[in-house]
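Remarks on the structure that follows.
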């Protein structure tokens, strides 16, 4: 076995470990956070501060029977949860956590992450379709139309940034923002005056891409029961759940790298992995905070938002930036 | 065009206000009670299931008139009594008199609707609401209370 | 006053209004021709006609009894006058071997007037025309009355059990119902 | 949002919403014929929690029926028991002391706020926002604590008696209620900022689920549903009962006919209920809570009696047909949600399922009250 293969395997194992740990403790953090927002303690019985709750949940999910509904497409039904989790883990491979901590630095890192993100919506389609549940089918159709309409403004925004930096390598993107926070992409410069708006668009799109409230139409529990994973129990459901949180981590990492200077310290001192983790967890906290504040949008409200507001503005921003880059 | 942007702006503003509220609530103290670890004291008028009231001698005040049984909408009270002779001193001489003594007072709590008709209809103040609310079981029989037995257990 | 207009309109349903010597209050204002003979029978069912009731004692103002055949005409009068439907229910008068259907109507405005329309039908073959064509809201009320009393509402679009199980063949509010 | 539907035969599918579904808040089943996400035809199936309260009313004496009424609607139980005692009092001519009526009005209004609060939370939860429910429950708990100290129960009250009350208010009632009013006003402001002003909620509710005035009339809709359609109808004003004429309060009416109008009506009603409570506490007279003379056995004279009251959900009516006995000969309950729910079948045709469920939430359903 060559060294590169071994390296890759180690990288994947670490990525899986990181994703699983994050998924487990983000659930805990979400429940504690939601509890505090609603002025109740949240899980607090298992271990100190309820820190062992994820273990209990995991044990429960794993010991449950895996049910396949009659009439379901068995192969697809089994593949879908794996398909939800695997691309998320693969995306971790190319994310640079700091100047040195990166499994595989790729020149097309941004593209790769978006390619894997699209696979995620496929898993939702498979899950909804194969479980032969009307709610599931409706949810998966929703999720796919949502994914299509939100990838457009997201990618346009990314193109704007790639244009400014001249690279698709995530490492280069982060390095180009080194220094204090005044170098970050979120801060408007002469060449890109609308960057805060871009940031907002990207943020909203990543909420939608990760199926987080207020855009969680795929699972919309008060309408579609549990949406695409209505028929899933046991670890099948567990994988969807972990995949969702892994996607959130990736979304937060992308925002951090594209807009918030990656692993750079806001004051230009000691750039390190600590700053990177701090930024992504602050972003995730905002995700959680948003989820527990707002009601859900409607499917047409969501499409209207994308096609009538986000896409025109991001297109305008793209043209503006392209023009200004020529001038300055 | 103006309306388009002003709507976006107002929308974002309303979202920010909402997030401000949940942010403030986040730092306020918790209001819930961790139930099995902490419990609340029931108010004085709390209506639990009924309980027999005892007199000074520790005997039930109940005279087995059966008013509660008749008033009950769901028929969840069943009581039985027997006549016993007892002697009283009256004007210097001993007389034997008969009175009804309660021998059985069963409450089927599964059908009780806690309306309070029985307590209201009791002219002797012989039944009252308990303050017990930790009642949970998966067996029906656990809610068939023998109130006489419970009274004895309370006294012992 | 809407009450008087409605009363007049309802009275016109009875072709030969004959002033009757009022017994005690409730005063009878009009009566149908075919039931004239019955009115002497005190125990028997009420005669058709419109009665103005004391609101404080009963809770409604006008109390009209019509034949099933005149029901639609009476309900149309109320529909035109802007009444809304409160409820429909039945009463089993087993002693008189009749089923009574009671329709409650009320108004949204401040011109307070509650109108009760009753109609009676024999117990053996209870049949009343449906009013769900006039008031769509009568649909469920009639289905419920059909559930509980077995009254057949002729022309009803969907007369299947509503509150009772789909295969229910009993009518629990009949007085001779044995569970 | 609705679209013209061109259905090819065989291209629709049936979707059962319920009897177990998160949006129906109970065991209600709606059989929807769907074309994609559009509803082509809806049929509501009732009866999953039918308990035949009307037959129970015929088999039991009048006082024995008292606990049944609070089982009709577990969120606003006092309003329903109020209707029953008023009906029997009307039938048998029992005079009620003024103090008892005032306490009844205050507690009913408290219960109305509690009911609306729970509706508010549950409705926003239907729309996907979970946190407002928790805030609403906090305020509701405060009301339930006050009511529990007085009535002895938290949910299915059996507090009113023919002629008066089970027991008088306790010492803490008045200060606790007085403290509650400013607290609730504060909370209403919070709800306004957190939910009412929220752009997502407004987009979801405005112009969604229109119920025209005529539709309401044909179906006999009452309560906030009718008032959201521009119908100025409230039994407390239109057909005053109890001591409501003594109070100065407004009936909120909105003419938009959409789900947001119904939402606003209920939010405004809480404020009006607070006004009634405030005035009630001020005017609360001293005196007995039961009449001096009350028949031992309630036997209304033969006749047909009707009583309507305004509960949290609309006009609730009780018809008592008496034959002079101690049981009612016929005991009819006219429940408001029964009529309000009925118009859903017609109103939701052509709507998207998520809008239809928002409309259903705005009707404020309590299923045991529909099924009785």
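Labels A, B, C and D are assigned to the chains in the order they are written; within every chain, residues are numbered from 1.
Methods note: a residue touches a chain if its C-beta (ideal position, glycine included) is under 8 Å from a C-beta of that chain, and two chains touch if they have at least 3 such contacts.
None of these values were measured; they are calculated from a predicted model.
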item	value
Distance-to-centre winner among chains (Cα means, whole assembly as reference)	D
Distance from the mean Cα position of chain D to that of chain C, given in whole angstrom	27
Centroid spacing, where centroids are CA-atom means, of chain A and chain B in whole angstrom	52
Whole-Å separation of chain centres (CA-atom averages), chain A against chain D	43
Rounded Å distance between chain A and chain C, as computed from the means of their C-alpha atoms	65
Multi-chain contact residues (two or more partners), chain A	37-40, 292-294
Set of chain C residues in contact with two or more other chains	none
Per-residue multi-chain contacts in chain B, two or more chains	15, 18, 21-22, 25, 31
Chain-chain contacts as defined at top	A-B, A-D, B-D, C-D
Of all residues in chain B, those that touch chain D in their complex	10-12, 14-15, 17-18, 21-22, 25, 31, 43-47, 71-73, 113-117, 120, 129
Chain A residues within the chain D interface of the complex	34, 37-40, 134-135, 138, 141-142, 213-214, 216, 220-223, 225, 292-301
Interfacial residue positions of chain D with respect to chain A in the complex	1, 13, 15, 21-23, 34, 36-37, 124-131, 134-135, 138, 194-195, 198, 200-201, 203-204, 352-355, 357
List of chain B residues in touch with chain A within their complex	8, 15, 18-19, 21-23, 25-32, 34
Chain C-facing residues of chain D, complex	46-47, 50, 52, 54-55, 58, 87, 90, 93, 216-221, 226, 231-233, 237-239, 303-308, 315, 317, 319, 321, 329-330, 332, 334, 338-339, 342-343, 346, 371-372
